[in-house]
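In what follows, chain A forms one complex with chain B and a second complex with chain C.
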Partner chain A sequence: MMLKLGVFELTGCGGCALNILFLYEKLFDLLEFYEIKEFHMASSFREHDALDVAVVTGSVSTQRDLNLLHYARNHSNYLIALGTCATHGNVQASVEGKIREKLEKVYGTKANPMRALDSTPIVQHVAVDYALPGCPYDKDEIYQVLISLAKGIEPPTKDYPVCVECKLNEYECVLVKKEIPCLGPITLGGCNAACIKSGVGCIGCRGPLPKEANPASEFEILKELGYDEEYIRRKFKTFARGELRW
Partner chain B sequence: MRYVKLPQENFEEFFNSLKRWGKLYAPVKKGDIYSFQNVETLSEITLDYTRTMLPPKKFFVRPKDEMLKLKEGHWEEANGTEPIVLFGVHSCDIHGLEILDKVYLSDPVDPYYKKRRENSIIIGISCMPDEYCFCKSLGTDFAMHGFDLFLHELPDGWLVRVGSVKGHEIAWGSEELFENVTEEDFHHFREFEEKRTNSFKRSLNKEGLADILDLAFDSPVWKKYERICLGCGNCNMVCPTCRCYEVCDLWINAYEAVRVRRYDSCFMETHGLVAGGHNFRPTRLDRFRHRYYCKNYFDPESGFNCVGCGRCDEFCPAKIEHVKVLDEVREGLQ
Partner chain C sequence: MVNIEIEPFTRVEGNGGAEIIVENGEVKDVKLKIFEGPRFFELLTLGRHYWDVPDLEARICAICYLSHSVASVLGIERALGVNVPEEIMLLRELGLLGELIESHALHLYLLVAPDLFGYADAIRMASKHGEVVKEGITIKAFGNYIREILGGREIHGINIKPGGFGRYPTVEELERIERQSEALLRPARRAVNIFAEQEPLGATVQHYIATNGYLYGDKLIAEEGEKFDYLEHVEEKTLPYSFAKQSRYKGNIFMVGALSRVMLKHDMLTPMAKHFYEEHKEKLASGYISFNNLAQAIELVYALEKAKEVAKTLLDKGIEGENVPIEPQEGEGIGYAEAPRGVLVHHYRIDERGNIAYSNIITPTAFNHAIMELSLYEEAKKRYGDSDEVTFLQKLEETVRAFDPCISCSVHVVRL
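Moving on to the complex of A and B:
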């Protein structure tokens, strides 16, 4: 029996949906198990149906997003929040202030014809079965999750910060050795320490490691290295002002 | 133990001869860290390195280690083992490997580890401590076994200790490169060791440490450091004696998978999690304290699970100092 899959896009850059297509020939592995019922980025084909798995990307930033999200939740057994917009709200959710004020600042009027909302992660609106952050996420991760689900295996979640993968790859620690502000110690791993591989610090795109991470100490460490408090604060909340909840 | 001398002019030839015994790995500088890497020429390596970021453990328990492959519904063993020569291993790391041996080679034996250990040659090299080293206080500053050859720096070459039958064969195989050791060489050897002994800046006070840790479970010192510690696990990832790993399956296509194990750290959420949802170490405080108990206390009879290599200090982003924490715990009781 083929599983029915839907991919939904709310407000985001579109990269997270595109990243699924970037699986290229590995997409055919997924098609061994899944029938795609909706995937706007890939095809105009769309069939209303009950879904086994719904993948939702983007943040809730308009009334249309919210309606689509509710549709996806109500029509699926298993819902995956994919990408940092969906799991943490991303940059659009980190902009402070009320929507009417923001509209006025940008457009000079409080009018809201598109019915924009203050951007929020989808986890704030519906229960999700699996949350996979990353801006964008590592495409192999969604591949693993979807194949595991197809085999009836509950996909494991990662419990470690970026530092663990950084060390597994034997990358030089840019925080300790180069005093580059790296958020690796407090950021959820899974990216395979891609930024550190390129010699730059982790910018925290996967959001904070849940539970026992210690942002207060990271703050002190960066301050000690001479970084300005405001700079650190902004860095911390770039991707994840909304707390991780699901 | 047999001693021979390797004159400096024969050093390079000796080094090159090692390739006959397996793929040659030695410490190489990469940015501001050192790493054991495959090398072809002597000029690539840094003989006076301090410590590699990942210890030589990485050859026996690999950071990411493919164990099995699922092919056509059957699991096959994935691991090719090839003979390797590890050149330039420091004494603390040799001790570290012996601690791992106790774990991985006692029943039930880890077959991957065993095969790789049997296919490796360890060539030790003398070193000078930096500000992080405290091996001397743990007695791991000198290796009496656990190596095939051990090279001690002399002004005009190397005093070589032969530590195994294999080591004997290697030296024998290149017999023409070696000379007999003279009284003067021994004198230089002792001089070097004395200089080294006097260069340590850190030492761990082991006295009564097991009892102290017994009494200090609720010490405020743990609480103080729990606030500083990031829980990032870097200290575990670089430790030559950390033994924990995680196993997971990864799909490589629709029907084939690999089973991979990777280093784990007791700072992670699922490390202390058991069936039923109970977590033995739910907080960072539990985890921070646990690491010190694991390193210094579990079985003091059979020695410490720490060799004083200084890696956890060098690579801790929060600059937490292993010895200092234990000293403070001790002081807290007085």
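Moving on to the complex of A and C:
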């Protein structure tokens, strides 16, 4: 029997939904197991019923987002938080200040007729079954999880820093060799070290490595390279402000 | 009074909808609503070092991240008084061409084509018209390949930096781009014929705005041929029912995007694209919004021809791969780029330590907000009572879709 899939977009750049389309022929492989019941970026077809799997992208940044998230949770067996907005809040959650102050700075009024909220990751609001960070996430990860769910097996998880994939690709260490600030040692791997391939430092878009990371040591290294504390603190928090470990 | 709601628009990027207000059997007003939450990018970048800023700005939008990176880098370089050599500008142009190919192919084949063939989406359309969908996906994947090489990743790469690039493309990569753009011209030409068949929808454009170069520039241009900075002639206002703002050019509603570019800059088109422009000139000049799709198809041909030409130029000259060194200094600069869906503005003031002291970003969908609303109004007025509700709503969605709106982008902030 076909599994029912819904893709829900809260506030974000649209990239996490788009990245599903970038699966190309693998998307058609997924359609051997799933029928899409909701995916407004890709389809005008909607059938709102119980879902087997809800994929939720974006952060909770409006009351509408929150309602949609609860709807997705209440109508699905499995809920996947997809992308750093959903798992860690991403850049919009790192903007300091209360919502009405931010609105005033930007729109010139504290009025909030559209009911904007301070941005938070979805994991703060509902229980999620799988959380796949990344800005964007690696598209093979969502493929793996959806295929595993369809086959009733537990999807593989990643628990190593960006440095592992950097070494496997034999890229030159930009932090040690070029003294470029790189968050690779404390950031969850799985991106195949895309930024270090470009010769620039990891900016931490996949969020902190859950275990065994040593952010204090990374902090000291960057300080020794001459970066001021405020700069480093902001850099650490850019994608994962809600995360206490950093 | 009856209100008809469309919520949300489908087959567009981001969260938006419309409210159609009907009084005494007539459409009285239409409100275009953007309910994508605000993300406060101007506050996010405030006080940050200029070097890190383009990587953050890219996150405004996934479909046009590279345009955001380039506009950001151009604004920063102008603020810092940096001039980069031709090679770097050509590579940026190549990246922008890749993004145009990716984005237009996505929009035309996967989002608009289902309307023309009568399906809810491209997946359902693929059962009968697999060939068309497959061609679209192949072109889109090629655009993404260019974005990966020049931008660093398919989405949100951080290779485009002030003063140059993190990594320069190899000869093999440029050769592949040159070869493949040639090979994909044939299906792109077919696309022009498909989208030339679309019916006229929406408002007719009275004012077009674009950048002075085809894909980037140092000024804006309008139909009068005058060059100007956005602050000179574009005003913005906020709305109580939307997170986006509306803009006017000298008090008038205007349009940015493929149709504007083709109308204002057809002299810059490549030979085959120019041929298609001549062939469909009358249709395009009628200004109906739905012909933005046709203009995009013509641009798909342009981008493939141009990508081949740029790759060849770079191969003939050889890549030096030298970044321009930058000394932080106080300054102000505006970067203009053409995202696939229209003019994008990144405006910065930088302090003496190289940190951002002010920024303002205006995205194409924000520029187009007013004419999108007007188009919905005119289409709704014309059709209300004449067609059944399903068709009525479908046609309104098709009208919005023709703008290729990027709603994530449109949520932006100004004037700190």
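Definition applied: the second predicted complex is superposed on the first by the 243 of 246 C-alpha atoms of A that agree within 3 Å, B and C clash if a C-alpha of one lies under 4 Å from a C-alpha of the other, contacts with A are read in each partner's own complex, and residues count from 1 in each chain.
Quick note on the criterion: contacts are C-beta pairs under 8 Å (C-beta built on N, C-alpha and C of every residue); 3 or more make two chains touch, one makes a residue touch a chain.
No experiment lies behind these values; they were computed from the predicted model shown.
With chain A as the common reference, the superposed partners chain B and chain C fit together side by side. Touch criterion met: A:Ser217 reaches chain B, while chain C stays clear of it. After superposition on the shared chain, chain A has more residues touched by C, the comparison being chain B against chain C.
Between chain B and chain C, an angle of 110 degrees opens at the CA centre of chain A in the superposed model, to the nearest 10. In the superposition on chain A, A:Ala127 makes contact with neither chain B nor chain C. Legend: residue contacts after superposition of the two complexes on their common chain; A:Met1 is shown touching neither chain B nor chain C. Shared-chain residue A:Phe33: touches chain B; no touch with chain C.
When the two structures are aligned on their common chain, the gap between the nearest CA atoms of chain B and chain C comes to 12 Å. In the superposition on chain A, the residues of chain A touched by chain B in one structure and by chain C in the other are 28. Against chain A, in their complex, chain B makes its touches with residues 30-33, 35, 53-54, 58, 63-64, 227-234, 237-238, 248, 250-251, 253-255, 262-263, 265, 267-270, 283-284, 287, 314-318. Across the interface of their complex, chain A is touched by residues 8-15, 35-44, 48-49, 52, 55-56, 59-63, 65, 106, 110-111, 114, 120-124, 126, 137, 141, 144, 152-159, 161, 165-167, 238, 240-243, 397, 406-408, 413-416 of chain C. Residues 26, 28-30, 32-33, 143-144, 147-148, 156, 159-161, 163-164, 167-170, 172-173, 175-178, 182, 184-186, 209-214, 216-218, 220-221 of chain A touch chain B in their complex. Contacts from chain A toward chain C in the complex involve residues 9-19, 21-22, 24, 28, 31, 36, 39-46, 59, 61-62, 64-65, 90-92, 94-97, 102-103, 105-109, 111, 113-114, 116-117, 119, 135-136, 194-195, 197-200, 203, 205, 231, 234-235, 238.
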